[in-house]
Amino acid sequence: MYHIALKMLLGNRSKYIVLVSGITFATLLMTQQSAIFCGLMLWTTGSLQNMRAKVWVTDPKVEQVNEVRQLRDTDVGRVRSVEGTAWAVPLFWGLQQAKLADGRFKQIQLVGLESATLVGRPYRMVAGRIEDVRLPNAVVIDELAIVRLSAGRPKPIGLGDTFEINDREARVVGICRTAKSFFGMPYIFTTYDQALQFAPKTRKMLSFILAEPAEGWTAEATAVAITRATGLRAYTEKNFFWATIRWYFVNTGIPMSFGITILLGFAVGVAVSGQTFYTFVLENLRHLGALKAMGASDGLLARMLILQAFTVGLIGYGLGIGLTSLFGALGLEKGEPPFMLPYQVPLGALAVVLFICVFAALLGIRQIRKLEPAIVFRG
Amino acid sequence: MADNKNNYAVHVRDVSKTFGVGATAVPALKGVNFDAREGELLMIVGPSGCGKTTLLSAIAGTLQFDTGEIDVFGSALQKMSKNENSAFRRQNIGFIFQEFHLIPTLNAVENVSVPLLINGVSRAVAERKAHALLAQVGLEGRGHESPLNLSGGQQQRVAIARALVHEPRLIICDEPTSALDKENGARIMELLRQVARAPGRCVVVVTHDNRIFHHADRMTEMEDGRVARVAEINGGHSSSFIPN
Amino acid sequence: MMLLTKPSFYLALAGIIGVIFLVKKTSQETPAPPPFAEPARSPFTESLAASGLVEAARENVKIAPPRPGLVQKVFAEVAQKVMTGDALLQIDDREARARIEAVRTQLGALRASIVVEEVLLADALDQLERMRKRITVEEVVVADALDQLERMRKLSKAEVAAEEELRRREFAFAKAEAASKDELRRREFAHRVSEARVAKLKSDLPVIESQIAQVQVEIDLLTVRAPRAATVLQVNVRAGEYANVAAPEPLMILGDVEKLQIRADVDEQNAALFEPGKPAVAFLKGTTQNEMKLRFVRVEPFVVPKRSLTGDSLERVDTRVLQIIYELDRPPLPLYVGQQVDVFIQRTPKPKPSTNAPPPSVSSNAINGTKAP
């Protein structure tokens, strides 16, 4: 009987297309917006992805990775003195101005890596070698920097080219790949000592301390130990990640605007798909009445409707999520717009779609229960 | 009377049905007494609004009547629960509708196999039987066509095949020829007569198409919610007196 | 299944497969790149970390000139070993040398005049002697005349002529005697004057000689010499430059590089955790190879403002550091004075907080307990 149900559904092509496209659109709207939202949130933690360390030590008042309150140089020694810390190195991070060949200024994110260990260095080098960053005035730029800093040059900036950071000459010795950041500014890597030369002098220059848990210690335990022993604030990479996202969640209107769009997707899904399915049921009511007269039980008819609804739902979901994937794959290739698809998004969308299906099926089932089989004998 | 109840295919006693309540109440059946025998094609005729379709619905078990009793092959419809009623219908009753009620998105075979599928028969078996039935009604080789591509007569034959495929004992036909021309109507009625001849079966036809009256074994004429008279048309069956 | 004939079914399937891949791809976590060089790790379970600077064992000697002047010559080169008293550099001494020449000339002149005076003295003495001899001769002549007179008196008394002659002679004799005596006295005076002049000139000699010695000392001073055997660590001056007494950076730094010491800066907030005498190790900045064992020497009793090791003198940081001196033997690897090192000082484990009161019969539990927030 179930293949009959499917035939009834698929046989009416135009109805089927309307039904499926409603769900497709709703799924696309929900998952794509969610993915962009997640991607945007991920961008806010760009620094955490580009400078990797298990434990980040900050000023006690720092709430997220994009705000910096400088520490004192000797705090590195204090963190090293904490039991459970295998090692700790300083890191400089700050927004600086780069002067382009045509005289324009661009904001950059300058990162100073501890010169011996280069802890926090970019994972993937596209050209050049990261160790060359120890050369005088040497910097490693990311691919975004090529786009941003090439203005006014006959050809894109590359190895050996120079530009100015705060009126000091910087020479490109490498190009690396980085994760995008919320600010949309390129990452420029250099050594800690040179970063202090590039950056304008302030009382304290140390932005973060990156630490590694000792053997047998978890990052959480080490972070707790550092916080307790030094009075500084130690985050595990994961905690810092979520703290940053929470900060943007609470302090910006981003979740609100995306939430509204996602709700809109949900509403469109419920309204369009639910209603279309309901009219589909109404149009088939004569046939359903005939089946009911022929002795098909309400349960059987309800199951048929559920099958139809879920088929529409799953096909529509698959198409919608496929479009989202396509969009995402193209976006990931270019690096823009922000896109991040945690498994919760497709699963959540699936749950919502199934809810829409159940809702639509229930509307139909209510009609079937009310349906008098005797109507087949009338008119 | 109760002793020969079992000889009747359908046994209707004092059945009445009123639609609506209060001032708008319309009595459709006013104590109908009526019998149909095994092996006969019984026609119920009468003018529009006489209650013949309502009676048919009640016999088919698709309409709950207010009072009286209806026995179909010894089963008392008024005593059945809704589910039992459903189960009874799917096993024992074949339906032929005025508008055929074939599902347009299914082909002929699938339409025919539906009653078997409702009864839980596997698809392969059901479709094999459906093919056989279509052959019997003269539509061999056209099983994969959509009903929309078939003529009215052919569609009604498909409907007949569907009504017969699960070998029901009672076939209920509602205006089977009203959508057909005379020739096709005659053919369909001939087919139904043959069906009715099968042992232990009964065909009840509601119609006001006088072109086909001569195909009936007996004819019950209704007027204003009551059976007005019963006439013996063909065959050796004696008419039974039905008290008014 | 008629669903299998529908392209939408396959598209949907493709979409679901696609999303699974995409979820996998985007949730893929790239592992953190390992440190380029292994960072310094403490070998102790509990330690105090400090940053340190390699110094020569005895504090380095900063060489300054005794007085400002042009540097004429630099004798010592960087990394050269010098002995006590070896010349390191020469400040311009031409002026002093000119002065010594002048004094020396004076001395020569003095010596010459002494010779002259001595000649004059000898002459005076000679004249005096001759005068004395003449007086003696005249006395003999007078005595002879007197004798002749006596004898004449005895022969012819009252010979008037002889008497007159005698008187004349006696008068002449007295006159001569008086003249001689006068002459003698004159000679004697001339002799004494001559003697005094010689003596004076001679007494001038040591004055001029001491002047020479003084200028010589000055010349010696302009040659800067090593105060002790050491290695030249740094030379900040070249011949022809002007050396100031209060120059911002010393002309040369000498130090003993055979024995090095490490000055470790401990944050004042950690100063209480430091215990003297605990073993310590040092690593050259940013490495864990070549652990250097340190021996505690002393704690600098004065907590000083932290000197930034970033090399920027403008940096101001509101932190003071406790400086601890450790000595170490020269490790096999090259180690240079002035290098930065990471220092780890062992610390006796703190008594665990009393919150986990039960004795750590299950050690892992105890450790976990202290880590819990």
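Labels for the chains are A, B and C, by order of writing; each one numbers its residues from 1.
FYI, contacts are C-beta pairs under 8 Å (C-beta built on N, C-alpha and C of every residue); 3 or more make two chains touch, one makes a residue touch a chain.
Quick caveat: nothing in here was measured; it's all calculated off a predicted structure.
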Ask   = With chain centres set to the mean of the C-alpha atoms, which chain is at the far end from chain B?
value = C
Nearest-to-centre chain - CA centroid comparison = A
Task = Mind checking the centre-to-centre distance between chain A and chain B? Centres are C-alpha means, answer in whole Å.
result = 65
Ask   = Could you state the distance in Å from the CA-based centre of chain A to that of chain C?
value = 68
Key: chain B and chain C: spacing of chain centres that average the CA atoms, whole Å   = 132
Message = Counting only residues that touch at least two other chains, what does the list for chain A look like?
response = 3, 7, 10
Ask   = Which chain C residues qualify as touching chain A in the complex?
value = 1-3, 6, 8-9, 11-16, 18-19, 21-23, 25-27, 30, 32-33, 35-42, 45-51, 265-267, 269-270, 273, 285-287, 306, 308-312, 314-319, 321, 342, 344, 347, 349, 367-368, 371-373
Remark   = Listed in rising order, chain A residues that touch chain C in their complex are 3, 6-7, 10, 16, 20, 31, 52-54, 72-81, 83-84, 86-89, 114-119, 121-123, 130-131, 193, 196-197, 201, 203-205, 212, 216-218, 220-221, 224-225, 311, 314-326, 328-329, 332, 339-343, 346
Task = Over in the complex, which chain B residues touch chain A? Could you list them?
result = 53, 56-57, 60, 62-63, 83, 86-91, 93, 95, 97-98, 101, 103-106, 110, 114-115, 117-119, 123, 174
Note = Counting only contacts in the complex, chain A reaches chain B at residues 1, 3-4, 7-8, 10-12, 286-287, 290-297, 300, 372-374, 376-378
